[in-house]
Amino acid sequence: MLDKNGIAKRIAKEIKDGYYVNLGIGIPTLVANFIPEGINVVLQSENGLLGMGPFPFEGEEDADLINAGKQTITTLPGSSIFDSAMSFGMIRSQKIDLTILGAMEVSENGDIANWKIPGKMVKGMGGAMDLVASAKNIIVAMQHVNKAGESKLLPKCSLPLTGVSCIRKVVTELAVLDILPEGGFKLVERAPGVSVDYIRQATAGKLFADDNAPEMIID
Amino acid sequence: MINKVVAGADEAISDIKNGSTLMLGGFGLCGIPENCIAALVRKGVKELTCISNNAGVDDFGIGLMLQQHQVKKMISSYVGENAEFERQLLSGELEVELIPQGTLATRCMAAGYGMPAIFTPAGVGTEVAEGKETRNFNGKDYLMEYAFDADFALVKAWKGDTAGNLIFRSTSRNFNPVMAMAGKITIAEVEELVEPGVLDPDHIHTPGVYVHRIFQGANYEKRIEQRTVRPRN
Amino acid sequence: MLDKNGIAKRIAKEIKDGYYVNLGIGIPTLVANFIPEGINVVLQSENGLLGMGPFPFEGEEDADLINAGKQTITTLPGSSIFDSAMSFGMIRSQKIDLTILGAMEVSENGDIANWKIPGKMVKGMGGAMDLVASAKNIIVAMQHVNKAGESKLLPKCSLPLTGVSCIRKVVTELAVLDILPEGGFKLVERAPGVSVDYIRQATAGKLFADDNAPEMIID
Amino acid sequence: MINKVVAGADEAISDIKNGSTLMLGGFGLCGIPENCIAALVRKGVKELTCISNNAGVDDFGIGLMLQQHQVKKMISSYVGENAEFERQLLSGELEVELIPQGTLATRCMAAGYGMPAIFTPAGVGTEVAEGKETRNFNGKDYLMEYAFDADFALVKAWKGDTAGNLIFRSTSRNFNPVMAMAGKITIAEVEELVEPGVLDPDHIHTPGVYVHRIFQGANYEKRIEQRTVRPRN
């Protein structure tokens, strides 16, 4: 079973040389720490930056330079700054190769719910609806089951949707799963030490799982 | 050149009235019009509709106006990190319209570019689409979203000249340029106000034609919401 | 009867302090030479400049700095440069206070034709259709009659239109005329030495002319 | 950063084929991609559809491609000053679609911003409106105009870095940034190519994400169409 860093590490392997990538808040942010050496990747922050660098050294924080999670960050040589309209313009026109974001629920047809729980205070969707509606390649980083032990990979989302039929890959603490165009989760890799049966029980949506599905290789 | 300079924030916002619709630039607490917000709190105008990506924190940004019960409605994409906001929302005192961040930015741009409506795929098939026209182009569904109609836009720039030209610094640019274009009256506060000719015409982000009033702000606090750092080695 | 400079001079009197103005090619360009002293006006050139200055001194021409007529020009302190989308964005959102342009024909309901003569080589409308469709205040600078002696102020345009019901004021070599919201040309001023009868004969469209219409004062 | 550098114009345009749709930046002869045009003439591709505000003059700019009969269709707002153009047009060899300049710019922007269509009042009630959807918003009529769909955008910038970031100089900016955003493949030629980090992130007009190939051009002629000067006193 993977911890958060393990999920981030596994997702990092999906990033290819030359990709522009948007990382959501939470586990997706951790992915930046595991981008393989020698691969040129540019991180977009939707508040208006291409080429997001690491956190600043202590004492060098700049209040005018933050990411979409409102964290102080840095630029890199070759960074560019732009306004919010251009930022979502490049998202809508699919200039971003890969979007990685978290989810509360994902359905077997690729719907995602990650912004609202009825009855609880709703903070808002931020840029998530724009990202999922536009991105050509979206990976969801999430826990396979919630704290009550219920599957978050469902036949149909129960929570209000963020986007429809948009997710194609999910990475959880248990597995890597593709969402098939015709519907259903396809088990691609198991987390180390996790059995196919365990994944089957943790997946409420339709699962296509080969008993010989390979274990993932992370490091 | 046409001189857009006013003495300060109080003069700049003097004709903002109860019930006005305002756009406020900034993302989180980054690039917010601190001086204009302080003046609005001093003036005590109420029943405001505020279009702003976020709603500040309890004791800074739009949070200061919420404390004084000046806001009737927020139109935002994300409103976390604000206990007073939550209290007013749950008590029914405050109305909130949550819209996707890109839709928010593009509805501002539409107003500035004289386009009455735009099409975006954001929110198709979700509750955001309720009551909106959906239209298919090349096999993909889009929502038609209308340009905003704001009485005033309050923006914060780094440098500006007396002709109203603005330059923003780093990611404090965010919503400021698109809101500057979109306000019926646009008020810009800047950290440094210079004479015409000091700013390179090629570096100007917001041409002065969009700015009706400009002043040099004071005492910028520029609070940081999430101070994240890394150790030196 | 006014010459071209006279028409430009008279139009310049319509420019108020604080105006952003777009000047078309031809007579409108001459208006810049007659803007009253002490009035602050910013000229927009729709290829992407606010704050158009005079022609450069000989030897200081810059191929990268031209106006919409492709003439070499200069900037002024306070000028700004922008792309074509923003330029027409500010035109559409009515940030330009006054547009002055030429016309082949104007009709009594404010239609304008100035881009196409059927059977002749058509060069294009450039930015004229955008300007007339959006500007809140448009003055047409034109000759009252064509070379054949026919009126260009008509009940209805005969040429393909550039815009519909958009012109509110016309300045010709003979007169200043308002176009009334309910239709019809209203004589506001006569050119020096031109009689109301002369103007009546030169105007094919409906004319509302007071016999005591004043002569214009230009200098 | 991602390196977008190619050796030169010939490599940059090597996959432009007969029948491709191209956007070409520039206004008149100002800010046109001179090196790319020369390479297209060398390559001899034909049946091109060119989206460009103007069509050059007889012996410069797109006029050079017209001389070689490489252009099937021009989509422009103004095409004067070109005798060969007129000859081909009258002989039926060349197809021309004239559209308002703001519509041209905005249809580029729409493509770059992922908006399938936009609304503009330009052309309402004229022959430009024929066959187009007209829609009324707030009492005013607008035409719906579609985003362009161009295989390649060829733009000319002043400075660029290896990551594809572009800065334009003065009014040679014009259509270049909106076309840079709009091409499926965007090729940028620059007067000066620098390493990442040399250009200030706040000064960049076109972020590198929009640019697929970049090279330093050579021998810029930058011809002036209307040399207008004033005497020194």
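Just so it is clear, A, B, C and D label the chains in written order, and each chain counts residues from 1 on its own.
To be clear about the criterion, contacts are C-beta pairs under 8 Å (C-beta built on N, C-alpha and C of every residue); 3 or more make two chains touch, one makes a residue touch a chain.
All values reported here derive from a predicted model rather than from experimental measurement.
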Chains touching both chain A and chain B, listed by label: D
Chain whose Cα centroid lies at the greatest distance from that of chain C: A
Separation of mean Cα positions, chain C and chain B [Å, integer]: 36
Between chain D and chain C, distance of the C-alpha-averaged centres to the nearest whole Å: 29
Geometric centre distance via CA averages, chain C-chain A, whole Å: 56
For chain B, residues that touch 2 or more chains besides their own: 106, 113-115, 120-121, 169-170, 173, 201-202
Where chain A touches two or more other chains, by residue: 49, 75, 81-82, 85, 88-89, 91-92, 134
Touch-based graph of the chains, sorted into line, ring, star, complete or other: other
Contact pairs between chains, per stated definition: A-B, A-D, B-C, B-D, C-D
Chain D-facing residues of chain A, complex: 18, 20, 40-42, 44, 49-51, 75-82, 85-86, 88-96, 134
Residues of chain B that touch chain D when the two form their complex: 106, 113-121, 137-138, 140, 142, 146, 167-170, 173, 201-203
In the complex with chain A, residue positions of chain D that touch it: 1-3, 111-115, 161-163, 165, 181, 195-197, 201-202, 204, 207-210
Footprint of chain C on chain D - complex, ascending: 27-31, 53, 76-80, 86, 89-90, 98, 100-106, 108-109, 120-128, 158, 169-178, 205, 222-232
Chain B contact footprint on chain A (complex, rising order): 45-49, 54-73, 75, 81-85, 87-89, 91-92, 111, 121-130, 133-134, 160-165
